[in-house]
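Shared between the two complexes below is subunit A, which has subunit B as its partner in the first and subunit C in the second.
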Partner chain A sequence: MELNAVATTIFLVVLQIATFLAFAPFLTATIRRTKARLQSRRGPGLLQPYRDLAKWWAKLPLESNASGPVSRYAPAFVLAAVLAAALLVPFAANRAPLAGWGDLLVVVGLFAAARFALALAALDAGGAFGGMGSSRDVAISALAEPGLVLALAGAAVAANSSDLGAISAFGVWRGVGLLGPAHLLAAAAFAIVLVAETGHHPVDNPDTHLELTMIHEGMLIEASGRSLAMLVFASELKLVVLAAVFSAVFFPFGSATEIAAGPIAFGLLVGFGKLLVVGQVLALLDGSVAKLRLLRLPDLLGLASLLALTGLAVRVLLP
Partner chain B sequence: MSDQISSRAIREALRRALGHAVPISVTSSGPSSGPSSAPGAPSTANSASFAPSSAPGPAGDEELLVNLAREELDPAILALQELGAQHLMLVAFDLHSIRRRTGLAVEEALAIPNGPIVRLRVELPADDPTYPSITPLVPAAQWDEREAHDLHGVVPVGHPDPRPLVIHEPAPPAAPFRSFVAHGEGVYQLPVGPIHAGVIEPGHFRFSAVGESVLYLDARLFYTHRGLERLVEGRTMTEALPIVERACGVCTVTHATVYSRAVERLTGTVPPPRARMARVLLAEMERLYNHVGDLGNICAGAGFNFGMSRLAWQKAQLLRLNERLTGHRYLMGIVAPGGLRFELDERGLVGLGALATEIEREVRSIVRLLVRSEGFMARLHTTGVLSAKEARRLGALGVAARASGLDQDLRRDRPADGYRDLQVRVISTPAGDAAARFHVRAQEARVSAALIADLAGRLPAGPIAVPLAVQPRSGDVALAGAEGPRGASWLWLMAGPSGRIARLHLRSASFANWPLVATVVPGNIVPDFPLINKSFELCYACTDR
Partner chain C sequence: MTVTPETAFGAGLLPGLWVAAVLLLAVASVAACIPRLSAISPQLSTAGSGLALLLGVALLMTGTTLSASGGHVLGFVSFAIRYDGLSGAFLLAFGASAAAASLSVVGARPRSAAEGAAYPLFLASILLVLGASNAFSFLLAWESMALLSAFLVVGLRPTRAVVSAGNVYLALTHVATAAILVGFAVLAGSTGGALDFATWHAVAPGLAPATRNIVLVLVFVGFATKAGAMPFHIWLPRAHPVAPSHVSAVMSGVMIKTGIYGLIRIVIDVVGGAPDWLGLLILGVGAVSAVLGVLYAMMQHDLKRLLAFHSIENIGIILIGLGSSLLLAAHGATELAALALAAAIFHSINHAIFKTLLFLGAGAVVHATGLRDLNRLGGLGRKMPATMLTFAVGAAAISGLPPLNGFASEWLTFQGLFGMAGSGALEPVARFVAVAAIGALALTAALAVACFVKATGVAFLGLPRSAAAAAAHEAARPALAAMGLLAAACIAVGVAAGPVASTLTGVARSALHTAAIRETLPSVTATPRSGDGATYAAFAVGLLLALIAAGLAFAMRSRTPARRVDTWTCGIAPQPAFQYSATSYSKPIRLFFRRILMPEREIRVEYHPGTSFPSSIRYRSHVTMLLEERVLRPAHGLSLRGADFARKLQGGAIQIYIAYSVIAVLLLLLWARWS
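Up next is the complex of A and B:
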């Protein structure tokens, strides 16, 4: 029995890592594809993000002479932190591969750790854009974090657990009854945070060449070669993980309730379908909304916090 | 025009200011015999409006050359400023190229509204090429004087910002970048460029900022300085054209036209009616594709992919029209001294008006959608405000000036070629922000499309060029301007021995407008700079030359 549980965990971990790693660049590719179509362009092929990663991975990073060990090791740390978070999120089934190793707060914490390392690395390289990107990214995440935590807290209160697998299982058990007003408010809040955290319009432009407007890209501007590959891969993976959290907590329907080949396969299919939908919505935003003026971003993220707080209040006061 | 200012009034004003009569030589455009010298001009011109305009415009085409001593420069400028004089350019040149003796000269060219152009010339000995800086009186001349100092070694004494402009290295030893940055608690410097993340022209922008707020911006350009003005010296008027035309890639008609007009003034040539009207057509084609592209660039600056891609598409359509009409997407090689180098393509001309109108209609519907997008317009409103006062002080030109409430357009104010027979509606709005520049461009595109539609079907028949009438005398100077997509470009041309070029100076509209960008940005936030920059959309190449 004990052996069986270990085998299940190993199976889920391998499955999750393999599918996420393989899928993350593809999700980015589909977003780019749709964006290109919205601009009447053909756009790059769906394999382009894989090719980019392979190209960068084969190159040694070029380091500015101002940079030290931080920018050398931070990319690996960032990727590792996001990967670790990925294993704490239920995807195909109603249990995270490493269930019991950490709850939603650990996931949030791992993202914060990744951001911290990336911000340090960007500062370490000594370029002006890195520092500018870091300061903006940290400011935005500081504003986004309350919304993120409060939105998840609402779901946790409903499920009476902070474990993402338990929250997901609770959602599946409740079925359509889950979609009450409190739940939808929290989902809206999380959606705004998702946009901000993954750097899409109207918060950030992932494909800009205008250095002065960059947020996330600004932090990557001094990275190159293998370091760049890891950082880009981490941000692609982060989108997958955040979207997976979103679907596990707010729309968990379709994920497997037992660990068996059939339901797991079905859960995987449904999961990727949901991720693709999230990606398409982001692409639509990129194509159809102008970027907000930077100093108006607090309004947007404040709205996210407000929505999440309202959702939580509704849930506590009107159970 | 009752309030014409005659050369007599200017002579009188200068005499009063300087306390003695100054020698003034007057030149006017066109041969003294009038435009009838154009051979083969058909007497059966299509309509009344195409009859060759009766001779050069009354006073507007006159050029007065005033020779002054150094210390007379300031009082003369003050006297002319009372008549409303506007700075056109300051040009320095070496007297050696026209006379057998050493020495330098600077010329400040000013335009008197409803009056002639006045060139104040001061000759300077080679061993003491100093003169009192005019920038304190004419702030718009700040970059002109710095450039003249860098390239010719004339020294404007008392210039408020005597740092090098064109020559970057080596920096002068003492306080090389004084006033380059701001200082204070929490102020950091943000260097951007000259190499950018995108494929764009090189410029170095040094921001002094606190957090996201810009305190000070210094723009350092001239990374694409190719020495074009030096390159044309000693060449024939024909040889120089392709070089001048390539000062930049998107103002080719404007620059070829100012050059051609200057040569025509020097040689007393009047291009035939068909060429004069075709130049208007080409100039409006250039304006239209630039304005449409620039509207799209403003969208890019605001991060609005929808508008960017749609307008880029429309611009591409316009470039195709250009190609069908002239064989060149950027209209190169057609405008030449004496008229046109070759006939417009008949297939390109057929339906040109309808096609241009259709594209403009499409642009208008895109612009309507953009204006309805609250998020997009919120980015543009109150961003990068240029006040009318500042615009006037620094000599803003073109869209930048008209979006700040200045009602000026060379096409109407000093019409040349076919514009003399046309009424051009000048768009002006007072707000001065990026949104105003957006709207002015959108409406000017409409005016241009209407002009194209009007002209394409009724270009006068006849020859497209005449040979240059006479060979200019060594030392003769002509000044010509044209309203391009970015404002009025002016070209100063001095003939040397045997009809070759002794000195040419191109003061592009971008050159005059760049200092504005730097003054407008402080007070805005760093990530709005690309948007502000694109709302001015100035060229680097024709600034740097």
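Up next is the complex of A and C:
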């Protein structure tokens, strides 16, 4: 019995790590491809992100004269935090691979830890662009965080637990009845935060290398070689994890309710389908919506907080 | 003096620890006055505070109490102490902070012998506040603490600015003492003159609601002022930057926490809870303090002032826990109330640890460069790597990042609010307040990340922005040891959050006078536990994170060493002025929150005559302190006008005073006639 539980956990951990690691660059590739199509280009092949990672991994790294241990070790910590978060999110089944290790707040906290390390490392080289990206990124995240936590809190209040597995299981149990107004408002709020946190239009442009407009890319400007590979991979993985949280909390339908080969395989397929849909929506946004001025971002992200707050108000104020 | 330990175990150890701690602090004070012995005074303070830490741990682990009384004054009041689990939790915070702060000044000369002597006495007064069990002892220790800390802030040879900061502090700390004194007097008056807390607790249920409410409001105002909660906070950002760093560390780490201790002791333990409006008020004050505290912190470029505003923020987080606990207890959700109260106590301990660490780090920076202004620092990490490492750990801990201690207590605070939002026992409005507090707490946590990336990055990373910063040197060994121990404590308490949280929940239950009920509540655990309720397996998550990070760092080593190049600055040679400064780093947030911060800036450019080349550029920026300038200053003006009016009544001519007397007598006669 005990051994069985351990074996299940190990199986789910290996499955989740393997599939997420393999899938993350692919999701980015599909987004780039759709975006290229929208701009009447053919775009790079679906394997390009993998080739980029391999290329950076093999390259001779360049380090700034000014930088030190912070930028040397931050990439490993950033990726570690995102990987740890990835194991706390239910995906194929209704439980996180590491069930009982941490709830939604731990996932949010691990992302904050990754942001802290990356934003700090961006200041290490003493250039203007690192600071620019870093200061903008932490400011945008500060605006996004209330929306993120409130949206998830709404689901937690409904499921009476902040454990992501419990929330997901509750959603599957409620079925279509889950999709009430409070739920949909929270989902909309989370969607806006997802766009902001993964650096897509209208908040950030993931493909820009024009110095003055960079946010996330600005923080990577001094990274090269394996550091760059890790940081880029961490941001690709972050998109997968956040989208997985989105689907586990707001649209958990299709994920396995028992740990058996058939349901798990089905859950995986449905899960990746949902991630691809999220990716295509992001690509559509990138291709069709202009970037907002930095000063207008509080309007968008404030809207996310307001939607989530309204959702919770509906939940607690109405009987 | 009679000592009455309540178990055989405590019989020898606990009183011995207490007596030894007090004696060591007293000897430290005397030693500081004697030139030949003054050098060992910090060591003695360290030892005394260390014993207080042990006492706190012993009280928590054994669940015993230590009480003593004696020394009758004027024949009727006596000194009385009683240390229980709640005292033990705050003693833990006190011991950790004070021992590290004292250790950091080993080998350093105090500004004057008098200050050297006052510092151990200040520590002893906090030790006594945390155990005083009657009004007389409490107020005596409380006022000593206030006066000694004010002296330590001002020092013997103050400048005009320091005197002004000291006056604000003295005035407000006396507002606090006065409010508490009157609150205690009302309690004593309605209990037949009794002064000890135990009698008050026994009589409290029979108090008239109006009397009880007056007491609660007075006590709240007094303790909230000491804690530095908004709008009673204005002394905090003034006093901290001018005090010596180890004094700021203890003031911010522990002294303001005595306000929290007092609130828990009097409102929850002695009076036995409060009506729900007080819970709502405390929750509201907490949320406002947290959000505005961190926003103003973000706007500072004086490192110590920045840390002072973060104290307001953290007091806000603690008050959110405390307020939700009061609300939940008022509606009978006792287990959740215990969880929320445990969160508040836990965060008090954690804040004592990391805020002391950060203030000592700031002290090391000031010592090495003579600068507190972040905009003139930079690149210190190369000269002070150990200080940078410990400061970064403290910064991550105060930002509430897993697996460090700050995250664990914020996690519990969040869980209390989640429970409140979902609790059927509360009215919808109270539940919605919990929801708003969740949003405020999330915003606070994210802004704290932003602020501490700024503080750490601008001070320690990049290129030095001044000659003084370039010539920095590493802190002295004792200071490094103190910071190292505190950083280790941030990690240790963070990963051991499970047992700590369950011990503190026990403390919270006994403060709330409730027993444990079998309920499935969210919990911090060491190892993963699945099944009922949300869990945060602190140790397991910490281990996982460390293992993955170590593995990745190992994989990342490339065989060839990196090629060194200049930072990319569009092809120009990098200069320190290209970097983001503290002011520019906070610009996006300053603009995003401009409706609250109301920033103003003034740029004055002067040109060389007849050319368009600037000869000087002056930049001045300022954010409006909303409560201070829009609420407190008008209130201040109003009270001055009231004083002016009162002065008109005081004409100075004797005839007018005779007329007043006659009118008063007439009115009294009329009143006597008709009543």
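Descriptive notes on the structure:
Note that the second predicted complex is superposed on the first by the 317 of 319 C-alpha atoms of A that agree within 3 Å, B and C clash if a C-alpha of one lies under 4 Å from a C-alpha of the other, contacts with A are read in each partner's own complex, and residues count from 1 in each chain.
As a convention for this text, contacts are C-beta pairs under 8 Å (C-beta built on N, C-alpha and C of every residue); 3 or more make two chains touch, one makes a residue touch a chain.
Note that the structure is predicted; figures quoted are calculated from it, not measured.
In the superposition on chain A, A:100 makes contact with subunit C only, not with subunit B. Look at A:201: by the touch rule set out above, it reaches subunit B but stays clear of subunit C. When the two complexes are overlaid on their common chain A, residue A:221 makes contact with subunit B and with subunit C alike. Looking at the shared chain after the overlay, A:116 reaches subunit C, while subunit B stays out of its contact range. Of the two partner chains placed around the shared chain by superposition, subunit B is the only one that A:210 touches, whereas subunit C remains out of contact. Applying the stated contact rule after C-alpha superposition, one finds that A:128 touches each of subunit B and subunit C.
Contacts of A:298 after superposition on the shared chain: subunit C is touched, whereas subunit B is not. In the superposed three-chain model, the partner touching more residues of subunit A is C, compared with the other of subunit B and subunit C. In the superposition on chain A, the residues of subunit A contacting both subunit B and subunit C are 128, 132, 135-136, 211, 221, 294-295.
Considering their complex, residues 378-379, 381-382, 385, 392, 396, 399-402, 407, 411, 414-415, 418, 421-422, 428-429, 431-432, 435-436, 438-443, 445-447, 449-450, 452-454, 456-458, 461-463, 522, 528-531, 533-537, 540-541, 544-545, 548-550, 552-553, 555-556, 558, 560, 562-570, 574, 576, 578-580, 584-589, 591-593 of subunit C touch subunit A. Against subunit B, the residues of subunit A that register as touching in their complex are 35, 38-41, 128, 132, 135-136, 201-202, 205, 208-213, 221, 286-296.
Interface residues of subunit A, counted against subunit C in their complex, comprise 60-70, 73, 75-77, 79-81, 83-84, 87, 95, 98-103, 105-106, 109-110, 112-113, 115-116, 119-120, 122-132, 134-136, 138-146, 148-150, 153, 156-157, 160-163, 166, 211, 221-222, 225-227, 230, 294-295, 297-298, 305, 308-309, 312-313, 316-317. Those residues of subunit B whose C-beta lies close enough to touch subunit A in the complex are 189-192, 196-200, 211-212, 299-306, 308-310, 313, 373, 375-376, 378-379, 525-530.
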